[in-house]
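Both complexes shown next keep chain A, but they swap its partner, so chain B is in the first and chain C is in the second.
Coming up: the complex of A and B.
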C-alpha cells in the first residue's frame, strides 16, 4: 500500500463498484435472482388469500423458514462468492490487482457492490411481501413487516461480507458456503442453544425482535446483543478479507 | 483441407482422416466396454480417486457427517441395550426414518459432487471426443447416471449397515439377532436404490444444463432446498387455514417424494405432520418413479444434441 495515494484509491472505488455491478447482474443470474425474490411475495399472496388469522404464522412460516433461512443465504452466497470468485475464475482479477490501487479499496468496492444488490433485492422483496400479508393487521402488522425488513438488511450485510471473505480463501467457496449454511446455520444453530450467539440467522431474528415481539423460541438473542455481534462479525470479516487480498497471489498457469 | 489420402482398404471403420500414421491393430472392445470404462472413471471421479486429496475431501466429509449419527448410535448401543432391558424405547434413528431425518446431508452430497460428474466434460469440450467413437450419447448418459447412482447408493447404505451392526451388537445372541434383524433391514436396499436413482437423475439432469460447476450447484440448491422449503411453507399455510389442495403439495418436493416412497418400502404411513393425511405412501412412490422417468428423459434429450 505504501506509495499509493489514499485519494486515488478512494477515487477509483465508484469505478470498481460499477464494473462489479455489471459482472454480478449477468443475464442468467439476474433471472434466477428475480425468481427467488418473487417467492416470498407469492407466498404472502397465498397467505392473504388463505385467510390465516395469526401474525405468528407469517413470521415463522414465511419470514423465518423461507425468506431468512433459505432465500437470503442463497442470494448472499451468489453475490458474495461471485464478487471476487468470478474475476478469479475468468482470469480478469490480474488486471484489477495489477493496478496501483490499495487492496483495501478493492475489497471495500466489491463489498459495497455485492451488499447493495443483495440488500435492495432482499429488503424490497421482504417489504412487498410484508405489506401484502400483514396489511389487515394494522399497526402490529406494520411492526412485524418492519422487523422483517430489518432482519433481511442485517442478514444481507453479514452473509455477504462473510462469504466474500470466504471466497478469497478457497476456490470452491460456493460449496463450502452451502455446507456452512446447511450444517451450521440450518442444523446446529437450531439444535444447540449456545451456537445462537454465533449464527447470522439468529442475529437477524434478534434484530427483528427489536421491532416486533417474536416468540422466545424464534429470537434467542436480545436485539442490542444481536446488533453488536453482527457489527463485530462484519468488521472482522472485512479486515480478514483485506488482509487476505493483500497477500493474495494469482493462481498461475490457467 | 484438400483431398485427404484415400483410406486404405484395411483401415478400421470410423476413422475420419487417414493421415498416414500407423494404425491401431489391437483388439477393439466396443460400446459396452467403453460404457463400463466411463462408468468406472465417473465413479472414481465422484469419490476423488485418481485426483488430488482436496478432491476427496468433500465427498468423504459429507458421507462422514451423514453417517455420523448412525455410528454414534452404534457406539452407544450398549447404553441403549441397558435402557431397553428396563423396557424403555430408545429407537432414535431407524432404517425407515434415517433418510427423512438427515436428507439435507445427502442433498449436500448431490450439490457438491453431482456437477462434478457431468460439468467438466462440457467445460473442457471433451464430450464430442467421447462420442466420436464407440459411445453413443445415450450410452454416455446411462453410464453417468449409473455411476452417480452407485455412489449415492453406497453413501445411503453406509449408515444403514452401521445401524444393522449396532442393532445386532445390542442383542445377547448375535446369530439369533442377525436372523431377527434381516427382515427389518432388507427393505432398506430397494428403498436406498430408488432414492439413489431419483437423486442421481435430478442432479445430473439439472447439472447438464451448465458447463460451470458453480451455476449447476446453484440450480441444484434452488431445486432441492428452496423448492422443498417453499412447499413446506405452503403446507403450513394450508394447515392454518381451510385450504384443501395444500395437503397434496408434498408430491412435488424432490426429497419429500423420495422420503414418502421410502416409507412405502417399509410399509409405514408418511408422517401426517409433514405429509398431511390425504395421501398414502403409494402416491409418493408414484411421484418418485415419475420424477426418475422425467429427469432421466431430460438428461437423455439434453445429450441428443451435443455442442462441441
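Coming up: the complex of A and C.
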C-alpha cells in the first residue's frame, strides 16, 4: 500500500468512528439493545427483593447465565456484524473504501466504535445489576461486581472483533454468528472441557475469576491464561479483518 | 471512428495519443468462474468526457470497478494515471467514483455527506470544499436536509458532489443520470463538460443512447463483455440508426400506401399483410420524413406506425454482427 502517510490515516479515524456510531445507534437498534440491557437489572431487583442471601446464586444465575452468556454475545453480534456488514449490504462501504486511507485505519475505527457501544452497554448493565443485587454483601459483593464488569469488558472486545472479522467474509455473518454463539459458546464449551481454551465466554469468566472466587466449574481457565488468550484472539481477528479488507472486491453486477 | 466485432487491439479515444493516457486497458479481462464479464478489452483515454455505452449486463460496472481498483483483472492490464489501481488506496487521491447503487448514508445531511468525503480525502478546508462541490451540483438549497429525504435525482447529485469534492483527475460514474429529471440531466451533463474542459478525464456508463448523445462526443460501446465499437458518437449513432429496420404500419388503405412507399429508395421491401404493411428501410431518419409526405399525398390516414426492432439490445446486436 504505497503513498499513504500514517498521519493522514490516523487523522480520519475519529471521523469514521463518529459516522459508524451514528450508523450503529439507529433508533430501532438502540431501543432494542437498551431493553435487552435492562434485563439483568430487572432480575437484580427481583433478586434483591426475594432476599435470597446467596451471592453464588446471583453470580451464576444472573451475571453468568444471563448477562455474560446471553446479553453480551447478542449485543456484540448486533454491533459487531453491523459495523461493516450493513455498509457492505447497502453499498455505502464504497464511499469509505474509495478513499486514500490505510485499510488498517478503517478496521481500527470500526472496531473502536462497535467495541465502545457494546462495552458501555454491557458493562453498565452488569455494573448496575451488581450494585443493586450485591450491595448487601459488602466487599465480597463489590469484588464479584467488579469481576463481572471486567468479564463483560474483555468479552465485548473479543466478541466484537471476532464478529466484525466474520462480517468481512460472509454476507450471512449474523446467522453464522448466532449459530456460533448457540452451538460453540452455548453448548459445546459447556460440555467439552477441551474447548474452554477456545471459548470467549470462558476467557471472560477466567478474567472475572481474577477478581472474585468462582467455582472451578464456572471458571475453567486461569485469569492470566484467559487474558493472554483473549489478547491473542483480538490481535489475530484484527489482523485477519485488515487482510480481508485489503482484498475486498466490489462485485461487477453489470 | 473504429468499430470492431473482434477484440480491439488498439483503440485510443480521447486525447490519449498526445500524452500519457489517464486510463489505459491492455487486453484486460475479468471472469468469475466460467462467466466472462469483461473480455480482452484494450483502449486508452485522455482528458474529456467518454460515454461507456452498453445494454444491461454488458460488463460496464465490472469495467468501472476494475478502473476504480475494486476488481483486479483476471488477465491483461488496467492502468489509471500510469499505475495499477488494484489494492492501492493511494490512487483514490486522483480518482472520484460514483457507484451505481444509490444508497447514501441516510442519516447525514447532504453537506455532512460531502464534507465527510472531503475529510477522508484529507482536504485542509473540508467545509469550503464541500460547499463548493454542493454548489456545483446545484444542491445548496437542500444541503442541510437529511439525504434520506432526498429524491433519487438529488441523491445522485449528492454522490457526484462527494466524488468530485477533492477535484480528482479521473472521474468514474456508473449510470449517473439514473433518476434525474431532464433539467437535472442537462445541468449534470453541462457540469461534466466543464470538468472535461479543465482537463479532467471522465468516463460515465449508460444504457440509454440519448444520455450519451449530449456530452459523450466519444463513446465506447461494450456488448457481452467485449468492446464492440469506439470513437466518435455521431458516426456510431449513424451506424446504429441507419441499419435495416423493420416497421409495421396500419392505415386506412394499406395497398395504396404500399404503392406510394415502394417508389422511394429508402424503402427496399414492402410486404402487404392481411391487416398491416411490413416495411424494411435502411434509413430510419429518411423514412420518418417520407412516411408523413407519402400518406398525405396518397390521401391515406395512418393508424399506427411501429418499429419492431427498436430495443437497444437489438441495436447493440447489430453493431456486434457488423
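Convention: the second predicted complex is superposed on the first by the 252 of 254 C-alpha atoms of A that agree within 3 Å, B and C clash if a C-alpha of one lies under 4 Å from a C-alpha of the other, contacts with A are read in each partner's own complex, and residues count from 1 in each chain.
Operating definition for what follows: contacts are C-beta pairs under 8 Å (C-beta built on N, C-alpha and C of every residue); 3 or more make two chains touch, one makes a residue touch a chain.
None of the values given here were measured: they were computed from a predicted structure.
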| item | value |
| --- | --- |
| Which of chain B and chain C A:232 touches, first, second, both or neither | neither |
| Touching partner for A:54 - first (chain B), second (chain C), both, neither | first |
| Chain B versus chain C as contact partner of A:247, first or second or both or neither | second |
| First (chain B), second (chain C), both or neither touched by A:103 | second |
| Partner chain(s) touched by A:91 [first = chain B, second = chain C, both, neither] | second |
| Touched partner set for A:19, first chain B, second chain C, both or neither | second |
| First (chain B), second (chain C), both or neither touched by A:31 | neither |
| First (chain B), second (chain C), both or neither touched by A:174 | first |
| First, second, both or neither for A:8, with chain B first and chain C second | second |
| Overlap of the chain B and chain C footprints on chain A, listed as residue numbers | none |
| Touch list for chain A against partner chain B, complex | 28, 32, 36, 39, 43, 46-47, 50-52, 54, 57, 61-62, 65-66, 69-71, 74, 78, 81-82, 85, 89, 172, 174-175, 178-179, 182-183, 186-187 |
| Partner chain A, residues of chain B touching it in the complex | 58, 62, 65, 104-105, 108, 111-112, 214-215, 217-218, 221-222, 225-226, 229-230, 232-234, 236-238, 240-243 |
| Residues of chain C defined as touching chain A within the complex | 30, 32, 37-38, 56-62, 65, 68, 70-72, 87-93, 95, 97, 99-105, 107-108, 116-117, 119-122, 162, 174, 205 |
| Interface residues, chain A side, partner chain C - complex | 1-4, 8, 11-12, 15-16, 19, 22-23, 26, 90-92, 94-103, 246-254 |
